[in-house]
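Structures given as structure tokens follow.
Here come two complexes built around subunit A, the first alongside subunit B, the second alongside subunit C.
Moving on, here comes the complex of A and B:
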């Protein structure tokens, strides 16, 4: 009886969440993405989440993606997934005091939708999508750093730049790291797990969880309000620490 | 203790359903669990089956009568192309088996089904410098952590449930020749480790870190003249600078603590062995070269040295001295009990010391041929050297000194593979090897990150039909009670049990069980690759289990000289074999 009741409850939730809303990209994997990464929580496809990526991946190892969800308010977390990648989870972004906008580069194994889902305070995911065609092979190649054996000399080194702008200053970070996916034969997964961006006083501006599909030597750009001096703190899946200070 | 605990939880679980199984799975490993490890039979939470390292299990379901029914339960392949020597000792706790593997990998396995739960592959840089194969000998459990050391000299703590890194600390600079292959031990909340790299002119040390955070507590260098630390402050120089080393050679003096150590709660002492002095060419460093080729008794609270005993003063044969020092109760004929410790050195002698003060009680050969010393003087505690058997000094302008034939070889009467002590039979079970070497000295100077030997060598078997010999040594007399010969050199650890059994592996691929009193071979199983790992046993759901890693490798195929004839056909592997005695038998 009890079990039966729970099923009913689940079904009600499904309907109210509009799970039946069709995927504009008609991807066979969207249902799986929704249950696995959005925990089957309510969602809407929403043009307020803008996703910008090239129609064709000219370099499958470095597909530039930018999103802007700053039209929404009260964002708790943003999850980026790529339906047809062998490792679909790309990143999580939790903007604390900065706009919900980010640019990065990623690896694509084949043509795939790229989803940016922003969860607002009411618990609903607002999903923006775009489709990128790719010839493939981005996730199963060893990183350049690993192939050359040079990665350990530069591991965790950070370079960055700050541009002062009227509305929002722009911060660009690059962290040296192979970001190996574990799918290339004999090379275990090795990637930056998390990166926190703070101001000079240590106040948290944004948190990032990165996953294997992020391109080698991750390049991340974000809008940062009026802040000009930053601290970066993070770690990879081997426990190697990343720590840097950035000043304009 | 542990066993009763889980039994009680089992009864509760029956009463209220399966909700409790989650709490069982995450039971944190405590100092008490580690202190009791030698007595508890449902888990193996430390290297050595207890910090004394006796490798004795009180289990007796599996015994000389029942061992014939020991059957495979499951096997896990480590996969990958990284099939090199598998020298680890598995650990067992909370229904999981944890084991390390070649190339600094870790596997966690469901102890019921053998299914892999998680795997951690440490990313190694290109320039690592392990001298003797890319092995790892095991980890330590503490709290929710599995702690192990890597070939690039890092100490990594993984979450037992997920395999995710909780903390990681750099132990030393791998580019200077440091690496690490030994299993850490946890004593009173501190994880205690050594370092490898004695072939590269590093300086050995023993270090203690907070096991929950990895924060360094104390560091104790093992070469005289170097400063120790406690809580970030100077804590006294080791020994006395230049007392037993000439010039600046102590600055690159070796004495690597590459095999880890044991701990004895009764005397509250860590026992860490130290390796060869650097370089091998002993004519460059007249003196005893303290504290190389020794055992150090260290206070676990502050890292101070309580006493030392040097097995091979002024070592000129790479006899090293890291082999384990196992605390045991030596029962004299008059009924008195001496707190003793046993040690089988690479130099061919089996030593019994008083572990309260390091005084020599007895030293006897456990191999058939020893060329470098007539014996060990029981009064002075020093070897009676045969001076002609020290490899000669290279003459002015010569590229080589006089070569000598020395037995044992530098691979030792016994190498790293841990022996076991059975308090019921009162015997040590020593995996010994009979081999010698031609060895000569060469001029050498130190260069950071380069091999620092100043010697050349080639190893030769002493007998046609065997190299390895598992030997039961009576520590009261030094007599060899029985031996079991093996064609290839023995390179795996030993386990003994209250079931009157001794287990060890062979390079030919067998895990074997022997009668602990007679040496009769009672059981063997072919694992498909050489067994150079360390067997363990535990009880689970009323059945006794045995686990051992299989995978040929280690130093022998890399350095083995003529020995290669008996091992070159052996194939590599990488798997964890688990056996059990089924209930029905």
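Moving on, here comes the complex of A and C:
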């Protein structure tokens, strides 16, 4: 009996050494997020990935989120997921020559953790988290554009601006698009899938994959080094192209 | 036997902790005029949503009630407190605007005409259920059996004498599209609704700042002696009007500057609150909410159409 007990203890020790860190937000879906979106690869919860969102969402259709993982070096890709959203995958961001920071707005169906996972060159995901409480309903409503029927007049139009700053210029982009989630009855999913940010010479600065939870008429803010003129290229899931040039 | 007593005591304790008693205490603020002053807090399960000022005027013919509070339970306790104190029937109810903390007690006044501006009635019909759902989330069981009851009568701007009180309905806007102010010319009491906050940051989910600022000027021009804000202490001076104006002006400037400097929402939400508002409750909270309400229009004004490429 005693011998068995010792083995049991040893096994428990082995397990805890092998198991990943416990989720600071204690979410029932973190395990699923890890296997589904981070492919069960090694991860650490890391305060170097700062995630900023209000603790209470005032508007479940437009929850502002910003992240900054620029304290880490060698970032290959950043994945944003929201554990308890019916569509958890929010976006991927691959900064090439610009800092690993981004601000965007998203739809929440209920209060949920929001995770920003940055994969470094050693293959480890560095995960920052925050929790946003929300009245919800953000994902199952038709977009304003689709409800009013006038989305097609402005589809894919870009408005933007560039602010010159001491360290990093700020680029803000707004692309007109319904970003329908497919969860409102009779309205199929219709969203921008991909958006690349290039400089005037065509050098790739950052790649973005957007998913259904991104708010209608996506508004994005990036820190872009000293670049002042940009090309934006992208497309939605129906093959509509986005192509625009932005200058100060 | 002893165990029985202990069980009874424990049960009694549990019941007392959850008796949903708002402990309403009407305070006399002028002749015939009372206010039930709420806390300057946000909605919580601890305060049951008792964060709003409601009032009543005791006329010779009966009682005029201004706003019915946040829930059925609040309305019931408000009506009981009024009837106990005055021994008079309730003559009519005025609803100042369509926000949930001001009208969700309406169902208790089903036998009384409930007056409101048309915009308020429309707002309650359009958004009442959403508000109610959100209130269940915020204050829980305090909301039990609360149902949306829309106002039954249209309040028309102008003076009317009721039981010896010359009451004027003033139809304004700014906090919402329909803000009813009730001015009792007989006592000089001004029930300002949520157009005026006192040491509690103003809320802006349906606000138009330009209209609100103009409205505050017209309120300040009225010859009132006592001012009842929608939230915060009653005063005998116009300081809450000045403070609400200063807050809205600061908010507008801060958000405009942020938009002109290319800030995103989460950055603007962290704007430091000026020293002048250090005693204003929930300032950072309301700034955060106001950014959600008011920033989108301002930031879009600072974007330019990009050249569409082929």
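Keep this in mind: the second predicted complex is superposed on the first by the 229 of 248 C-alpha atoms of A that agree within 3 Å, B and C clash if a C-alpha of one lies under 4 Å from a C-alpha of the other, contacts with A are read in each partner's own complex, and residues count from 1 in each chain.
Here, contacts are C-beta pairs under 8 Å (C-beta built on N, C-alpha and C of every residue); 3 or more make two chains touch, one makes a residue touch a chain.
None of the values given here were measured: they were computed from a predicted structure.
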Using the superposition on subunit A, decide if subunit B and subunit C clash or fit. fit
If you stack the two complexes on chain A, which partner ends up touching A:170: first (subunit B), second (subunit C), both, or neither? second
Partner chain(s) touched by A:21 [first = subunit B, second = subunit C, both, neither]: neither
Across subunit A, the partner (subunit B or subunit C) reaching more residues is C
Touch check for A:221: first (subunit B), second (subunit C), both, or neither? second
May I ask you to decide whether A:65 touches subunit B, subunit C, both, or neither, giving the answer as first, second, both or neither? second
Applying the touch criterion given at the start, work out whether A:186 contacts subunit B, subunit C, both or neither, answering first, second, both or neither. first
In the superposed arrangement, does A:157 touch subunit B (first), subunit C (second), both or neither? second
Upon superposition of the two complexes, what minimum C-alpha distance (Å) separates subunit B from subunit C? 13
Counting only contacts in the complex, subunit B reaches subunit A at residues 80-82, 121-123, 125-127, 154, 156, 164-168
Using the touch definition up top, name the residues of subunit A that touch subunit B in the complex. 149, 151-152, 180, 185-186, 188-190, 235, 237-240
State the interface residues of subunit A toward subunit C in the complex, per the touch definition above. 52-54, 56, 58-59, 62, 64-66, 103, 105, 135, 156-161, 163, 170, 172-174, 219, 221, 231-232, 243-247
Listed in rising order, the residues of subunit C that touch subunit A in the complex are 133-134, 137, 205, 261-262, 264-267, 269, 288-289, 291-293, 296, 299-300, 302-310
